[in-house]
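We just call them A, B, C, D, E and F in the order they show up, numbering each chain from 1.
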């Protein structure tokens, strides 16, 4: 197992290998993402029963929750990729980290927008300074910070390293932000407006959610791969294998 | 080590020769706090409720602004390049610079904060909590800030980018500190929050210099 | 500060250096060595890559392929030791405008802990007598440069790396600096400099001309 | 099936605006994210082709 | 005149090439406004009362920060010296630079302000007043600010000194603008305040460029 | 842009100039004139006051006593006219790092409204062919200087005032610049420069050596 992991790691370090292997993965990932999305959405929008309190507005959950969860784990992945670059100088890791930032930020934005829209019918307002909302907003700012430093740094290597350092500092801080915000909010404000605690959901409601979750993750993988391939094309444009591929 | 000590000394001389360096954050602090009553509502009971929060927001912004020049001048005139070229530990250098920064920004803020408390009708019970939270909290701001300053040191429009990078990281400090002052004001215990700030300070001292030193190195290897 | 045996020897080797910037190759397969008694001048037209090579040799630029060794060990591995043996003076002179020449020099020399007499002596030698306690913002371009160069009067480090040190100096200053370098070479040190100035009559001088059409 | 007619489906029990607004925005953002790599790739390939052509042209003369 | 036009064009190119220049004030604006609920009290009814004031304070601070770089870069690389050496009217030059500054700071702030209104629960009636007051008020901030930026352009720690010089001048703008938003929020007329801001803008356009041009000349004759 | 009669003549007179800085007298009772066909080199050791005098002649420094006249009128009174007749290039070259040489030159020349061909031609002549659209932060010290000097290839102004223009230039660049100045002098313009470089074989050269012990 360890050997296999090590081998995979070394292979992943090779842009050529990554480019060629993902060539074969893309259609499958696209199919899986598409089919799960269609199934999840059909089940969620058409077949799941309406919530007894919120009515049909709860159907926003099928995009809101997967996006929120993904936005958080994408940040972790970005930080890990950044750390790999800082420690082992693996170019592929830097490209992956660079590419995750805008995708993660997009999902973060989706979670925030859908949450805000959902808030209007349920809470009567677009925005409250609730713990989860606030920490999600801070996550968005962290993403923006990483993207901003990436594009501001002049040298390419510098931009990768700076983004990685910032992402790592952010990782230490995310739990602190989350904890502080939760603690602050529960003290300042009664739980009138907090999100529903782990609802014991009806399976008909839960299944579409799980399917959408899978779909979101696969979509994310697909987007990361697509963008990373572009990075590879650009950075390896002078290598013979890219030229050969172009000529054929 | 001798270079680090020399740098700390030099930075104090520079601050003494250029009083704006420590006087300006102070004035900014006072003025932000003075803007509030003007923009919002000068009613004393209302002010006394928000005083702690406003003072902390003002302290945070004042620190943030003074951070921009922390490394920029040194990068521009080549003296940071000399530090790196000297082969001395950048970790110690970063800690030294953060110490000086705190002495000329956070410390004066802490010392004048009671004056602001008066202006904003801070409840009498909250003074100690305010000074204590500033004394423990502002060093965290200097340390976290030095990471941001190091990351943006060689960028032309670094000042505001720094804000973007660092502000989310400041949120926990702000929350705990403001809540300490608030709780003290309504007569509740606040040692939990102060202890939390203390823990964050310890963590910041241990970790941030690594990040800042790495960031400086990459800013210099052009 | 008693140096270990052989510590004051210079032995810097570059092998098969290759560097490109913005897709343009600056130099390729460059190999040379700098030992005690050498004065290496990097020459070449503007944009040839002199500064780039100099920073690389100073251990401040890692964006190249090939090896640079210091006493047969890769530069990165022994960077801290190396840094304590060489003096680097770049385009930027690290002179703070609001400090006096004396204060500036004290800071610049901090790692070699000189005494006050040495500092005053060095400033005098650098032609700044009478300006020791004038803030540097009141000095002319050449005088500011001299503050940075005053380091060379005190330092004991065996290897000097200087980027265009003659900039802004008058004729007398140029002669003085040439003589300083000659002394450093004579006493078993080494100097690497970039300059468009023709260094003449210096014993031990070698030139490395970087090609590169402008 | 929870809805009996298309109109009912669109109305989403009076919450149609909110539901469709969030699904619409999400679709927009996801579409952008899917399109961006494709467009970028096309641009890269075009540039690469130009470069190759230029090199070919320059090669014999050099 | 051709140099003034060329400078305006060049500054827009610089802003496009360095998006931080216009994106950062915006982020700062958003973040300052987000700090308030965290430090003070997140309760919606409370927030809706202070929203107008907080938004205006945030806009003022964001503008203030972006001012520091208005002339500094041009002084440092010698391009302002060239402007002066060219013998063109510095009055026009200052107006041109202030215009660019407003386009990349005040204008975007005005455009995103409704978002902040949402987050701070600004009363529905106050939105128009807020946008209007920002549209008329932020150009005044840019113009007044350019005087401060000109005065401090060649000082090393100018950033905060600028704040100090300029903040007192900003106070009247803040008072009228915040009161316009507040009155709109409680359903009262606010055209008096907006008219007042308009008058101030006219005055600022007519007078501040003289002061700024004189200050720049002063800064350059070393 | 048809110049009035005599407008392209240079006639700058300095009478009894006196200047002190920090209580140190830099020059006193200095009188000279610069007319069409003159090349005046200000020489002297570091800190002699060359830059100070140059800025004064350019109308950028008012901290002196004595008179400077342009066509017999005090400089302050005709500053705007004067400014449209002389080109000033200081220590700082006004080159923006994030702009390309082309954009920089376009801005630098804005008041003379050159066309695109002239801009490209000037950059080529200044040795920047191929770098026209590379951001200046990616250029070497000498290349950045050349961007500023490319102005001299386009400008029609009769009087050039240049502060240490040879800084950072390679030998070929120095020769090119000397030749540019020679042409300017030959066509009836005038040049005032400070430089520690020995200008040789230029027709019309005069030296003004400022005393001042360093």
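One rule holds for everything that comes next: a contact is a pair of C-beta atoms (placed from the backbone, for glycine too) under 8 Å apart; a residue touches a chain by one contact, two chains touch by 3 or more.
Treat the numbers as computed from the prediction; the structure is a model and nothing was measured.
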Chains in simultaneous contact with chain B and chain E: A
Most widely separated chain from chain C, with each centre as the mean of CA atoms: D
Between the pairs B-C and A-D, the one where more C-beta pairs touch: A-D
Whole-Å gap separating chain B and chain F, where each centre is the average of the chain's CA atoms: 46
Distance from chain D to chain C - Cα centre to Cα centre, in angstrom: 55
Distance from chain F to chain C - Cα centre to Cα centre, in angstrom: 31
Sequence positions of chain C contacting 2 or more other chains: 63, 91, 97-98
Residue numbers of chain B (touch at least two other chains): 18, 73, 155-157, 161, 164, 167-168, 171, 175, 221-222
List of chain A residues in touch with chain D within their complex: 45-50, 55-57, 59-60, 63-64, 67, 102-103, 106, 109-110, 113-114, 117-118, 120-121, 219, 223, 226-227, 229-230, 233-234, 237, 242-243, 246-247
Residue ranges of chain E in contact with chain F within the complex: 2-3, 5-7, 10, 13-14, 17-18, 73, 76-79, 81-82, 84-88, 220-222
Complex contact set, residues of chain B against chain A: 144, 147, 151-152, 154-155, 157-158, 161, 164-165, 167-169, 171-172, 175-176, 179, 200, 203, 207-208, 211, 214-215, 218-219, 221-222
Parts of chain C lying in touch with chain F, wherever the complex brings them together: 21-22, 44-51, 91, 127-128, 131, 134, 138-143, 145-146, 164, 167-174, 196, 214
Chain E partner contacts - residues on chain B that touch it in the complex: 18, 20-21, 24-25, 27-28, 31-32, 35-36, 38-41, 49-50, 52-54, 56-57, 60-61, 65-66, 68-69, 73, 155-157, 159-161, 163-164, 167-168, 171, 174-175, 178
